[in-house]
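For reference, the structures are reproduced in the following blocks.
Both complexes below contain chain A, partnered by chain B and then by chain C.
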Partner chain A sequence: MFKQVLVAQWQTSKLAVGLLTLLSFCLPLLAVLYGGDLAGAGRERVGDWLVAADRVAQFLPFVAMLVGLLLGTLTWSADLAGRHVYALSLPVPRALYVSMRFGAGALFATIPGAAMGLSSGIATLTVALPPGIHAYPVELALRFWLASLTVFAIIFAIAGASRRGQVITISVIGAAVTLDVVFLLFGVDYSVTAEALLLLTNWPGPLSLLTGRWALFDV
Partner chain B sequence: MCRRRVVLALAALLVVSAAPVRGQSPEETDRRERRLLARAESLRVQVEAQWASKESAFWSRFRPRIIRSRGATLVVGEAVPAASAQRALDSGLTMLRTAGAVPGQFAGRLVLYGLLDPRGDTLSRMGFRGRRQLEVQVSRTGPDSAAIWSISAGAVAQALAEAYRDSLDFDWRHWLPYRYALPQWTRSNAWEAFQELTRSPLSVAGRCVAGEMAGCRLWLAIDRDAEPFADRFTGADLRNRQGESSFGNAGGLSEVGHACLEGSDAACVAFFQAQRFSDMPAPETTRRGLLRLFRSLYGADAIQRAVADTAGSIARRLARAAGVGEDSLVMRWRYWTLTRGGQPRDRSAAADAAPGLVLAVALLALVARGRRS
Partner chain C sequence: MIAHAIETHELCYRPGPGFELRDVSLKVRQGAIYGFLGPNGAGKTTTIQLLLGLLRPQGGSISVLGRQVPRELPRILGATGYIPERPHLYPFLTVAQSIRFHGAFYRGFDWAYAEELRRGFDLRGEAKLARLSKGEMGKLHVLLVLAQRPELLVLDEPTDGLDPVVRRDVLSALLDFCSQGAATILISSHLVHELERICDWIGVLDRGRLVAELPMHAFKNGIKRIRLDHAPSLIGDTPFLLVSRQQTALDQLWVVRGWQPTMVQWFQGVGAEVKEIVDLDLEEGFVEMLRGARTPTS
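Moving on, here comes the complex of A and B:
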């Protein structure tokens, strides 16, 4: 049963998975474009190189978010297009069906993560690092995979929620934005959305993973 | 005999011709000089009177006004609008409280003043005789006819911070950077601190980038090194520094300076000690960065405790105030500087992801139990 779901889901997700895998593979390699031999390089060059690696790292959480976002929505796209007739006709409980859909999506999210792990490993092997600078290929790949999985799970849950659940989610976001506009009109220096984002992205917020250190090469 | 008579006659003629000329008698010269002096004196008095009257007219527009806030007193000329002065004092004190280095009660011990008539003791007449007086910079904009006078919060905070630094012990007076008590720290400051560390030609900076804690401590000059120049700089560092400075001009070099350039390290140390060069490798922004990080990690109270502490080196005082190890603080600072404000990897990626995954599982459980409607 899971195989059928996996194959059906692959049909809708393969293009996105392919492109995201390619992107995830290429990005860590950009970090070493500045050169490979840093062991004997001057401190100035090491500094520039660290800055370049940091700039590349800034893109990585966005790519992880993109992976989660696309796979999360694509997972349900076939069901939405078929008005859930296929899902309802299957002789399995909803919990099992949701688990299989989630499992298939999570498996696809692993592919860009694995690509990132592979290219991070290649990038690490190609440079001779100076003392005081370290490479974190495994941690980066794990972080990327976990971040994309977290975003995927959240989007998957929102997209797969009942209409009531979706209305509640959209209403909460709409209320926060409306409050912000009202505060702005009355000159109140407070933003509900900004505070909410801070709570979400700072430890122990659920999205704190996205704002940590993403650099492949770090001090 | 005849010749003798002729010589005597000529001498007599010379004496007669050397008689005083009319109008050049000593008495007459004195009289002229006295007249001229009197004229000059009267002109001077006249100019001074004119100037004093102008000055009186100028200062009459700036009668002193007292502004108070949280125990602090600012006496400022009326040309500065009261609301603006009040705002500057309030904000200046808030800035200091945020930065944490200057205790709140310090401002109450002195009286700040700006744009006051310097003739006579205005502040004493106003009842501030026993208190230390501290001038605050007043800025002026606009043309003479419509000049606008104002005081900034930064000027108030800076004046108080400088006065407080002067009251501290030698270690802090020597180490605290300019603007140490202003809390602003921008991206460009972080970039500057990064550049200072990665581009400095000094060897201790290189050792610090390479991860050697001792190198970072020397770069920051946070220890009571017995021989600051000899410990924190190599001979080559000092020679480079000498070459970059105006003292590198061979014409202006002493014998010790020449010996330094010729390769004597001891001479270099002696040269720099004699020239009263700064013995701190890290520039001001770097030291401000350490204080900024310290405040963000341990709070303004910790920085106040550290600055009030007088025992041991700067590193020991900071570590004691924060309740952490000296090297752990330096390690955090190194990471923070080299990542331009990055948080260290204290948690693993899995620990970072845990809250998100817990939320995801909870949401999934809700989705799995629910029905589409």
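Moving on, here comes the complex of A and C:
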């Protein structure tokens, strides 16, 4: 069963997976484009090089987000188009079907992460690093993979939720924004949405993986 | 062995203002070919979706193949072939991929029979579903549900929009399958003449209410239009069921169900004169039944 779900899901996701894999593979290599033999380089040149490599690495969380967003949406696209009638008429418990869809999507979300890990490894090997500077290809790839999976899981849950669930989610967001407007009108210095975002993006919030500094090379 | 393949008791569902399914109590005998008739918007698709657990009822109970919905849904669905009103298969798959996908979910899927049907229906395995014609898509749906070897087939307007040749192919494949075993078929349609040919029971749904449920022969033979002179204005107990009455310039037209020739005496007893008795075909009977259900008779 899972194999067939995987085959069917691949048909809708293959283009996105291909493009995202290419992008994820290219970024770490771009980071070392201006690299070379830094072993004997002066502090200033190493600093410049680190700044350049860092700039490229800051795109990685966005790519991870894109991976999760696109694959999370595409996972359900076929069932959404048929208003879930086919899926619901199949003789499997709903939880099992959802798990299979999630598993297939998560597996595809791993491919760009793996590509990123591979190219990070290659990038690391191409640079002769000066003393005190270290490469973190495995850590970066792991972070990329976890960030993609987290976004994928959130989008998967929202896209696959019942209409009632989606209405509740939108209502909660709408209520938070309305409260912010009311606070603003009454001069209260408090924002519900800002607090919620801080909770989500600061450790141990689920989106904290996406924030902070992403670096392939660091001290 | 269970007596009824489908049994609902006072089923209620109200998706919103404007439509309500009220107290629908269906009984589909095991082995029957049950025609589920009703005009567009009567609630046939909603009832079918409730039977298969795609919607949750707000009242009443549902039993399919002797099991309760929704508690034993996976087992029910494993023994049920369902063709929905609108095609729902994944359009990006090929015919062969669709068969493999569908078959993987059914333990008793008959791969050899699926291949036989595919050849019989002249469907190319490598053809993408998005490129199939409406007729080919209809055939693929029939192929998939028949290869499941189901105990129950639930077909929601399976021939709607198909040309006569494809419609005949689809219906004969269904009838062939039925003649092989003891499958029960619930077939919903508004094409009355189509059901007349194949069904042995019919249920008529109108505006969310089940207005009749009876064997086909009783429906076809017992429904008459009677032209009357001096028809009584008030009706007490009648030996037949008055479906509708209509005043014309000269006389009254009654449509009755459960008619027997000896019942002419009843009219003589109430001082009415029977001028003409006309047999109605299923389509006319269906229309009159709906008219009767929508207007009070006395």
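What we mean here is this: the second predicted complex is superposed on the first by the 217 of 219 C-alpha atoms of A that agree within 3 Å, B and C clash if a C-alpha of one lies under 4 Å from a C-alpha of the other, contacts with A are read in each partner's own complex, and residues count from 1 in each chain.
The working rule: contacts are C-beta pairs under 8 Å (C-beta built on N, C-alpha and C of every residue); 3 or more make two chains touch, one makes a residue touch a chain.
Only a predicted model underlies this, so the values are computations on that prediction, with no experimental measurement involved.
K.L.:
Taking chain A as the common reference, can chain B and chain C both be placed on it without clashing, or not? Answer clash or fit.
P.N.:
Aligned through their shared chain, the two binders fit side by side on chain A.
K.L.:
Could you look at A:Leu90 and tell me whether it touches chain B, chain C, both or neither (first, second, both, neither)?
P.N.:
In the superposed model, A:Leu90 contacts chain C only, not chain B.
K.L.:
Would you sort A:Pro206 into first (chain B), second (chain C), both or neither based on which partner it touches?
P.N.:
After superposing on A, A:Pro206 lies in contact with chain B but is clear of chain C.
K.L.:
One more residue to check, A:Gln4. First (chain B), second (chain C), both or neither?
P.N.:
Second partner only.
K.L.:
After the superposition on A, what does A:Thr150 contact: first (chain B), second (chain C), both or neither?
P.N.:
Once the two structures are laid over each other on A, A:Thr150 reaches chain B alone.
K.L.:
Quick one: classify A:Thr12 as touching chain B (first), chain C (second), both or neither.
P.N.:
second
K.L.:
More residues of chain A are touched by which partner: chain B or chain C?
P.N.:
Looking at chain A, the partner in contact with more of its residues is B.
K.L.:
Which angle, as a multiple of 10 degrees, do chain B and chain C span at the CA centre of chain A?
P.N.:
Here the answer is 150 degrees.
K.L.:
Looking at the overlay, does A:Ala78 come into contact with chain B only (first), chain C only (second), both, or neither?
P.N.:
Once the two structures are laid over each other on A, A:Ala78 reaches chain C alone.
K.L.:
Give me, in Å and rounded to a whole number, the least C-alpha distance separating chain B from chain C in the superposition.
P.N.:
6
K.L.:
Note which residues of chain B are touching chain A in the complex, please.
P.N.:
Chain B residues touching chain A: 194-195, 197-199, 205-206, 209-212, 334-335, 338-340, 342-345, 347-350, 352-361, 363-364, 366-373.
K.L.:
Along chain A, where are the residues that touch chain B in the complex?
P.N.:
Touching chain B: residues 43-44, 46-47, 50-51, 54, 84, 94-95, 98-99, 102, 130-132, 136, 139, 142-143, 146-147, 149-150, 153-154, 156-158, 160-165, 203-209, 212-213, 215, 218-219 of chain A.
K.L.:
List the residues on chain A that touch chain C in their complex, please.
P.N.:
Residue list for chain A touching chain C: 1, 3-5, 7-8, 11-12, 78, 81-83, 85-86, 88-93.
K.L.:
Going by the contact rule set out above, which residues of chain C touch chain A in the complex?
P.N.:
52-54, 74-78, 82, 84, 86, 88-93, 97, 100-101, 104-106
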